[in-house]
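What follows is a pair of complexes built around chain A, which joins chain B in one and chain C in the other.
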Partner chain A sequence: MAAIEVERHRGRLAALAIAVVVIAVGVPLWWKTTETYRAWLPVTQINQLAQLQLQLSVEVEVVFSRGTLTAEHQKKIDPTHTRLEEHPVDETTVLSYRYETRYRTATIMEEDALNQPTAAETDESLHLLSESPCGSVVIYVVPESTTLLPEGVSVYVGQRRTALLRAGRPMRVGVGLKEVLAHLETQVQQVLKVMSFSHSDITAALSDRVRLDYSSREGLADSMRAFKSSPGYEITFSLLNPDPKSHHLHWDIEAAVQSYIQPLLSKLAPVADFSLDSQILYYAVLGVNPRFDPSLNAYTLNADSLSHVINPVEARLGSSAASSNPVLNFLLYVPDARHSPLYITDHRKYTVVSNAFSSPRWGGIMVYNVNGTELPVHINIDMTRVMGVFLAQLRLMLGVQSSTPPPGFLVGPCGPAGLADWELDRLLWSRSVENVATATTTITSLAQLLDQIGNIVINDNIAEQVSAAVASLQLAVGQLEAGNLGLALQYSKEAILHSERAFFDPSLLHLLYFPDDQKFAIYIPLFLPMCVPILLSLLKMAAEARQRRRERQDKKE
Partner chain B sequence: MGDQFQEELVIRPLHSGDIYASFQFRTMWDTDFLRGSKVSHYRLFPKSLGQVISKFSVRELHISFTQGYWRTMQWGQPFLPSPPGAELWVWFQDTVTDVDGAWKELTNVLSGIFCASLNFIDSTNTVQPSASFKPLGLGNVTDQRFLRYAVLPREIVCTENLTPWKKLLPCGSKAGLAVLMKSEKLFHSSFHSQALHFRPVCQDWKCKSTVWELRQTLNVVFDLHTSGQGKREWSLFKMFSRTLTEACPLASSSKVYVDVTDNPQGELFELSPTTPLLSQAVVLGDRRTYSVYDLTNQATFGQTRSLNMLLRWRAAERDMLRPLLHGERYVAGYGLQTGEIHTLMYNNHPYRAFPVLLLDTVPWYLRLYIHTLTVTSKGRDNKPSYIHYQPSKDRLRPHLLEMLVQLPPNSVTEVTMQFERALLKWTEYTPDPNHGFYVGSSVISALVPSVVAMDTNSTRECPLFSSFFPCKEESSYFMRVYTEPLLVNLPTPDFSMPYNVICLTCTVVAVGYGSLYNLLTRTFQVEEPSPGLAKRLANIIRRLRGVPLL
Partner chain C sequence: MASCCSLKVLTLFSLFIVPGAVESNNIEAKAGQFFSSGHTNNWAVLVCTSRFWFNYRHVANTLSVYRSVKRLGIPDSHIVLMLADDMACNHRNPKPATVFSHKNMELNVYGDDVEVDYRGYEVTVENFLRVLTGRLPPSTPRSKRLLSDDHSNILIYLTGHGGNGFLKFQDSEEISNVELADAFEQMWTKRRYNELLFIIDTCQGASMYERFYSPNLMALASSQVGEDSLSHQPDLAIGVHLMDRYTFYLLEFLEDIHPASTANMNDLFKVCPKSQCVSTPGHRTDLFLRDPGNVLITDFFGSVRKVEITMETINLTAPMVHLAVERPVSELKTESQSYVDQLPVAEIIHQKPKQRDWHPPDGFILGLWTLILLVFFKTFERGLV
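Moving on, here comes the complex of A and B:
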C-alpha cells in the first residue's frame, strides 16, 4: 500500500512539474515569439494633446499722439494691460486669446511721421521708423481734429501692421482715464478683429477637430473655398485652345507671372512653398455645350451648368505626378469660333463682368473671347486682364480673406505685392491654428488606431516621427502662447509633416489584419491535447488536496 | 520659342503579306530645366512628363511597352527594336547623388503616368550595363553609375497604357496622324510596341545649344490572315478603321511614307493614290525608297478630302533577304533542379565578321554556374574579348553578363551556361507560379556591316567612281536585337502545405507528449487478474454447497 502511495505522490509531482514548466517556460516563450514589434509611443503626451488648450497671444501697442491724452492722464496711465478671453469650443478644445496692450506716447519722430499730409504717406513713414514683429499690431491714436482721416472714417488700416485711430469724443478734458481707456478698448478690439484674427476665423481653422455648425450657407461656402493648409502648393496656369487650326494664340505667361504672381508668392513664402508652371492644351473642350442666347447674340454658360464644365478638362490637365502637394488650376479658355462670344451668366441670368468663375479648392476658369472674322487669326492675349482675375481667385484659394471691414474703417490700398502685412498675419494665425489642429487629430487618431489594432507593427522610424510630431506640436503651441507667430507656423508645419509621414507610412499596412479566430484554429491541434491533461490532473490534484484537508479537519474534530 | 512638333507614319509592306506601320512623333523642348528654377512653362511638351524629368534630373529616358515578339526572320529589322514586355533605361544627370533613390521614385511615378506595373522594378531586376546601353543623345557621360536598366518581360500592354501615351501628344488623338490610333484595331495585331525616348539633341547644325527631344513611337504589325479578310490588300481604313483628313495644325511637318523599294515598277503591289514625291534614305544599312504623302499640303487629300491609301498585292509571297544579325534563346535540360540557357547568334553576312555585345540579365533565382560558360562558333571555341560579369545576390540583385564576341561570317555562335533553380520563400512566388517565371530578353548590340556595301556587283545604276571603296558613310550601322524572353519553371510547392504541416506537426507532438505525460504521471499497481468464468461458476456452486472457495 505504501509503495502505491509513493508512486501516486511521484505522479502528482511529475504532473505538477510539467504544469510548472509549461506555464513558466512554454507560455512566455510562445508569447515572446509571436509578439509583434511595437516601438514605444509617447501616449501620455498624445492624450494631453487631445485636450487642446490653445492660447493665442497678440502684442498690441497703443501710441497716443500729441493732443489725445492730457498730461495728467499720461502720468496715471498703466503702461501695460493684459486682457484674457476664453472661449471653450467643445469639450476637448479650449481657445483663449491674450491681448497684451502697451500704452505709450508717440516719440518725436513718430509725431513727425503723423504730420504727413495723407494717411498712406503716414503709414509708409511710420513703417520706416520701426519694424513691428510678425503678429503684433501698432495703433496710433490721433486727435479727433486730424486731417489724416477723411470725414466719417475713424480707423485707417495701413499696408503694414499699423492702424490710425481717431480719438473719440470722450477724450476731452474732464473725463476720467478709465472712461477714456474703456472707450478706446472697444475700438481697439474692432481693429484687432480686422488686423489679426477674429474668433470666427480661428474656429473655422479648427474645422478638422471640431464639428462646426454653420449658421449661414455663406460661411460654409467661405470655409470650403480656400485650400486646406499644406506645406506646398503647385500653381498651374493652363491655356485651353479648343481650335488651334483657326486660333493661333500667344500668351506671354513668363512676364505675366513675373510681374503679377511672383510678388504675391514671395510675400507668402513663409506660409508655404509654391511652384509655378504653365501649359497650353490644344483641343481641350469644356464639358458643357454653351447655349445660344438671342437677346445677347452670344453663347452663355449658366451658373448651374458650371459644375459640369471641369471634368473633361481635368483629365487633360495632367495631375502632378512629381509631388503630392495640392494643385491650384487656373484655366484660360478661348472658345472656338463657332461658340464665341461666350459669356458666363449668374443665377439671375446676368452676365458676369469678369467672365470667370472659381471652383472651391480646385481653381478658377476664365473665358477669354476673341473676335476675328478671318480665320486663322493670331491673337496676343491681354495678360493684364487675365492676371487681374486670376490674382483675385488665387487670393481666395489661398485663404486671404477680404472680409468687409466694419463701418468707419478705411483699408489702405495694398502695395505692389497685393497683400498687406496684416493680411499675411491673419493668414498666418489661421494657418498655424489649422496646422496644429490637423496635426493633433492626425496624431491622436493614429495613436487610437494603433491602440485598437494590436497586430500592427510599429517600427522605430514611426515612433520617431510621432515623437518629432508631438515635440513640434508642443513647441508650436508654446510659440503661439508666447506670441511668436513666425516660429509657431514653422513648428506647426513641421508637426504636420511628421504626423502625415507617420500616418501614411507603408509599413503600418503590413499584416494589418491577422484575425484571432484563424490564429487559434492553427494553434488548437497543439494546444488542446497539451493543455487538457495538464488541466485535468491539476483539477484532480486540487480535489484530492481539498479532500485531504477535510479528512484532517474531521480527524481534529 | 524653340518648341517644335513633327509627326510621321512609315508603312512597310512585309514579304509575308503582313504590313508594318510605324508612327513617330517628335516634340522638341527648348528649355533649361537643369537650372532648377521653380517656374516652368510648357507649350508643346507635355507638362506631366516635363515635371518628372526635371524633378529627377533625367538626362535620357527610354521606355517601351511591347506586346508580342518581333519576328526578325519573317519581317526583317524593325526601325526601333524593343523587347516583349516593358523596358526602361535611364541616364541620370551627373549631379544626382542618390541614383538608386531617384530610380526607385522615378519608376513609381512613371508607373502612375503610364498605368503600368513599372513599380515592380526594384533592385532585383535593375542592372547597370557597362557597355551595351550608351547615351543616344548629346553628351559624353559614360559613367555607368548614372545608368539604370530594367526589363519586365511579364508586363502586358493594353489600352490603358495607350491612352496616357496618346495624351502626351500636343494634338492628342483629335487631329493629325494620331486619329488613326484606335485601340481596338491597334491591339488586334501580331505585334504592338509603343515607346518613348527622351534625350538631349543639338538645336542646329552648329550645335551651340541643346534642346530636349521627346520621340514617341508606336510600331504595329497587322496580320494579313486575321485582319485582311482573305483579300490580299491593305488600306488605311482597313488597318485603323479611320482615314486621314488633316495634319495636326501644330506640326511643322506631317508626312506618311510608304516603302516602295522592292516595287519600282509596281510589280509587287499597287499603291493608290500615287504620289509624285519620292524620298531615298539609308535605313538600317539598306538604301530604301519611299513614296511620300505630305499632309500639310491640301492637294494630298484630293477631292474626297481624305487620304485612304490602298495597297493591293500583285505577286505572291517572296523570299526576303535574310537579316544579317539575328538572335535566339531557349532553355534546355529536364527536371526542376538544373538547366542550361542557350543563346544563338546568327551572322548571315557572307564574308564579313563583326563583333557583337551580348547583354544577359538573369534573375537571382536562377543561379548561374559561370564556369560552365562556353562560346562556340562553327564547332570551335570562340573566346570573348571582353567579359563583364556581376554575380547575383539573393533577393538583392540579378546576374549581369556582358560579353564582346566576334561573330565569324556566315555562322551561328552559341553561348551556353548552366544554372540551378533556387527554391523561393513561399511569399516570393508570383500569382499563378505554375505558369513559370520570365527571364528578360538578351540584348545583342552590334555595328553591322551595311548591305549597301555588300552588293558590289549591283545591277543598279550608280556611278562607278562612287562604288570602289566599300567604306561609305553607311558602311556599317548600329543595330540592336532582342531575343525571346525565357519562361522557366521553378520548383513550386503546394501552397496549402504550411497549414497541413502545422497541423500534422502539432498532432505528432501532441500524441508524443500525451503518451509521455501518461507515462510520467500515471501510477501503476499490480492487480490480481479476475478469475475466469469457469472458476467463478465453480465458486458459486461451492458457496452453495458450503465448501471453501477455490
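Moving on, here comes the complex of A and C:
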C-alpha cells in the first residue's frame, strides 16, 4: 500500500516536472525558434514623417534704383519683411511658404549696369556683379520712364535669377510708404509666381501623397507629360532613314550633342544623371500611310494618326539592358522619296512649323524634309534646327514648364544652356518636394506593410537603409526650411535612393501566407500527442487533490 | 484613413465631371478621351503556369493573348511573357516550332518574333510576385522587369490549373488569392499602376479575384467557384486540346479589334456566354473607379499613345563646335592575322591511347573471380575427399 502510494507520488512529481519543463522551457524555445528576425526600425520617426509639414523659404531681394524711391521713403523703409502663407493640402500634408524680402538701394556699380541700352545687356552686366544663390530671386525696380523695357512691358525676366520691374504709378512723390510697398508687394508676388514656384506646381509635385483634383486640363497634361523624378535618364537620338537608296544622310550628332544638348544636361547635373547615345536605323518606316494634300502639294500626317506612328517604330529602338532608368527617345525621320515632302498638320489642318510632335513620357519625333532633284541625294542634316526642336521637347519631358507668362511680362532668351537659372530653380523646387513626398510615402507604406505582415524577415541592411532614409528626409525638410535649395535637393535624392532600396529589397518578399486552418493542420499532429497525456495527468492530479481535500474536510467534521 | 479614402473618391469623381464638360465638338471629345483615361503607357504580364505536353492549351492560350496584344501595339519591351514549358520545341510536338490555336492548324501563334522573358523553371510563384512588386535582384535585365509607373495601365493574364482560392504553378507550388491581392496592394502603395485589368482562365477562376481590395482593379474570370473551365477542341494530328474555350472566344473577339476601335469593356464582359463556354464567366468591377462602359478595350490591350504637337522651338544661335577628331596614325605594320587551326585533326588521329591509372578490380570482376575460385576449391575439396 505504501509502495503504491510512493509510486503514485513519484508519478505525480514526474508529471508535474514534465509539465513545468514543457511550459517553462519548451514554449519559450518554440516561440524563439519560430520567430522571424526583424531588425529594429525607427517607427516613431516614420510615423512623424507621415505628417508632412513642408516649409519652403525663398529669399527675395528688392533693389531700388535711383529715382524709384524718395529719400524719406528710403529712410523709413524696413529693410527686411517676411511673409508667410499657409496652405493645408489634406489632413496629413501642410505646406507653408515663407518669403523673406530684403529691401535695399542699388549700388553705384549696379546703377551703371542698369544704364545699359537694352534689358538683355543689363541682365548680363548685373550678373557679372554678383551671383545670387540657388533658389533666390533678385528684383531691380527701375523708374517708370526707363527705356530698358519696351512699351507695355512692366517686367523683364532675365536669364539668371534677376528681374527688372518697372515702378508703377504709386511710386510718385506724395504717396505714403505703405501704399508704395503694398503695390510693390502685389507686383513682386506676380514675379515670384513666374520665377519661383507656384502653389499649383508644388501641389502637382505632391501627387504621390495626395490624389489630386485635376480641375484644369493643363494641370493633368503637365503631370502626365513630364517624367517622374528618377536618379538617371537615358536619352537616345535616332535617325530613321527608310530610303537609303535615294537619300544618303549624314548627321554630325556628336558635335550637335556636344554643342547644344550637353550644356543643358551639365546644368541639370544636380537633378539627375544622363546617359546619351545615338543610332541610325535604315529601312525603318512609320506605321501610317501619309495622305497627299493637293492644296499643299505635299503629303500630310494628321494629328489623329500620329498616335499610331510610334508603336511600330518602338520595336526597333533598343534600350540599354542593364539599367532600369526611363528612356527618352528622339527620332529624326527623313521621309522616303515617294512621300516627300511630308508635313504634320494639326487638328485645324494647319501645318506645324516645327514639323515635330512628342508623346508624354516617351520622347519626340521630328520629320525632316529633304529636297533634291537627282537621286541619290547627299544631305548634311542641319543639326541646329533639329536640335532646337529636340531641345524644346527635352525641356518639356524633363519638367521645365513653359507656361505662358502673365500679360506685361517679357521673358528673355534662355541662354546658351537652353535653360534659364530661374527655370532650373523651379525644377529644383518641384523635384525636391516630389522627392520628399515620394520618399515619405515609400517609407510610411513600407513600415505599414512590415507591420501588417508579421512574418517578413527584416534584415539589418534594410533597417540601415530605412534609418538612412529617415535621416536624409529630416535633413532635406530642414534645408528646405532654411532656404538652401541645392542641399535640399541633394538630401532629397539621397532619401529617395535609400527608401527605394529599402522598399524594393529582394529579401522582403512575403511568400509565407498560411491560412489559420493550415497552421492548425501543421501544429496539431506535432503537439497534440505530447500535450494530451500531460494535460490528462495534470487533470487527474487536480481531481485527486480535490478529492483528498474533501476527504480531509469530511474527516474534520 | 476612411476620410482619406473618401477624399480620394471625391477627387476622382470630379475627374469624371471634367471630361463630360468638354465634349463640345468631336476634336474636343478626342482630347477629352486623352484626359479621361489618365494613362500614358501600357504593360502586359502574360503567364502560363502549367508544364507537360498535355497542357499544350495553356501555352496556346497565353501565346494567343500575346499575339493580340502585340498586334494592337504593345511592344515587346513592355510585355513580360512567362511560359512554364516549351511546347513548340517539345519532342512530342509533331509540328516542331509551332503552337497552333485552332484545329486543322490554321493559326500558328508561335511566330518569328515571340520573346519569352521567363521560360521553363523560371516561372515560379516567387518570380511572378517579384515581377509584380518590383523586388527583383539588381542583376535582372530590363526585359525581365515590370517598369511601370503611376500612369501605366497593366493587363495581367493568368492561365493554368486552379482551384478554389489558388492557382497551381509548375505542378509543384501554388499561389493563393490572398497573396495575389497583397501583391496588388503593394503595387498600389508604390503607385506602380494607374489601372489594372486581371484576366484568369482556370477552373474556379472567380475565386482568385474575390480577395482584391486595392482600387482601380477590374477582373475577369472564365468560371465561377465550383465550376470547371473547359477546353475547346482537340486536334487529332497533334493529339492534345489546343485552346481553352474562354480564351478561344476571347481571341475571336480581339481579332475584330484594331488600334482605333472604340469597343468598350461591356463588350468584353459579354464574351463567351454560358452557351458557348459551358462555365459561367464572371467579372468584378466594384474596385474600378471609371464606368466600364467608358473604358476602351485598347486602354488595356493596345497601346495608343497620346501625342502633342510641338509648338515651340528654341532658336539656337551658337554655331556647332566641331570636335577635332584626331585619329592616331599608326606607323606600325600590323602583321597579317590568321585563324588558329581549330581542330588539330592530325594530332587526334595519330594519338596514342592515354595510359590510364591502375584501379583495383571492379565489384563484378571480383565477384566473378570469387565464384570461380569457390567452385574450383569446392571441386578440389570434393575431389580430394
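As a convention for this text, the second predicted complex is superposed on the first by the 483 of 557 C-alpha atoms of A that agree within 3 Å, B and C clash if a C-alpha of one lies under 4 Å from a C-alpha of the other, contacts with A are read in each partner's own complex, and residues count from 1 in each chain.
The definition used in the following text is that contacts are C-beta pairs under 8 Å (C-beta built on N, C-alpha and C of every residue); 3 or more make two chains touch, one makes a residue touch a chain.
Since we're looking at a predicted model, the values are computed, not measured.
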item: Which superposed partner A:Ile453 touches (first chain B, second chain C, both, neither); value: second
item: First (chain B), second (chain C), both or neither touched by A:Leu487; value: neither
item: A:Ile18 touches, of chain B and chain C: first, second, both or neither?; value: first
item: First, second, both or neither for A:Pro529, with chain B first and chain C second; value: first
item: First, second, both or neither for A:Asp277, with chain B first and chain C second; value: first
item: In the superposition, chain B vs chain C on chain A residues touched; value: C
item: Contacts of A:Lys228 with chain B and chain C, given as first, second, both or neither; value: second
item: Contacts of A:Ser323 with chain B and chain C, given as first, second, both or neither; value: both
item: Touched partner set for A:Glu254, first chain B, second chain C, both or neither; value: both
item: Partner chain in contact with A:Glu7 - chain B first, chain C second, else both or neither; value: first
item: On chain A, the residue positions that both chain B and chain C contact, one per complex; value: 254, 319-323
item: Sites on chain C touched by chain A in the complex; value: 3-4, 7-8, 11-12, 14-15, 18, 22, 27, 30-31, 34-35, 38, 40-41, 73-77, 125-126, 129-130, 133-137, 141-143, 145, 147, 149-151, 176, 178-179, 182, 186, 189-191, 259-260, 303-316, 318-323
item: Parts of chain A lying in touch with chain B, wherever the complex brings them together; value: 4, 7-8, 10-12, 14-15, 18, 236, 244-245, 253-254, 257, 262, 274-280, 282-283, 316, 318-323, 522-523, 525-526, 528-530, 533-534, 537
item: Sites on chain A touched by chain C in the complex; value: 90-92, 207-208, 211-215, 217, 220-221, 224-225, 228, 252, 254-256, 258-260, 303-304, 306-308, 310-311, 314-315, 319-324, 326, 344, 346-347, 352-354, 356-362, 364, 366, 383-384, 387-389, 391-393, 395, 402, 413-414, 416, 418, 441-442, 445, 448-449, 453, 503-506, 508-511, 513, 515
item: Chain B residues within the chain A interface of the complex; value: 38-44, 46-48, 51-52, 55-56, 109, 112-113, 167, 170-172, 174-175, 246, 249-250, 499, 502-503, 506-507, 509-511, 513-514, 517-518, 520-525
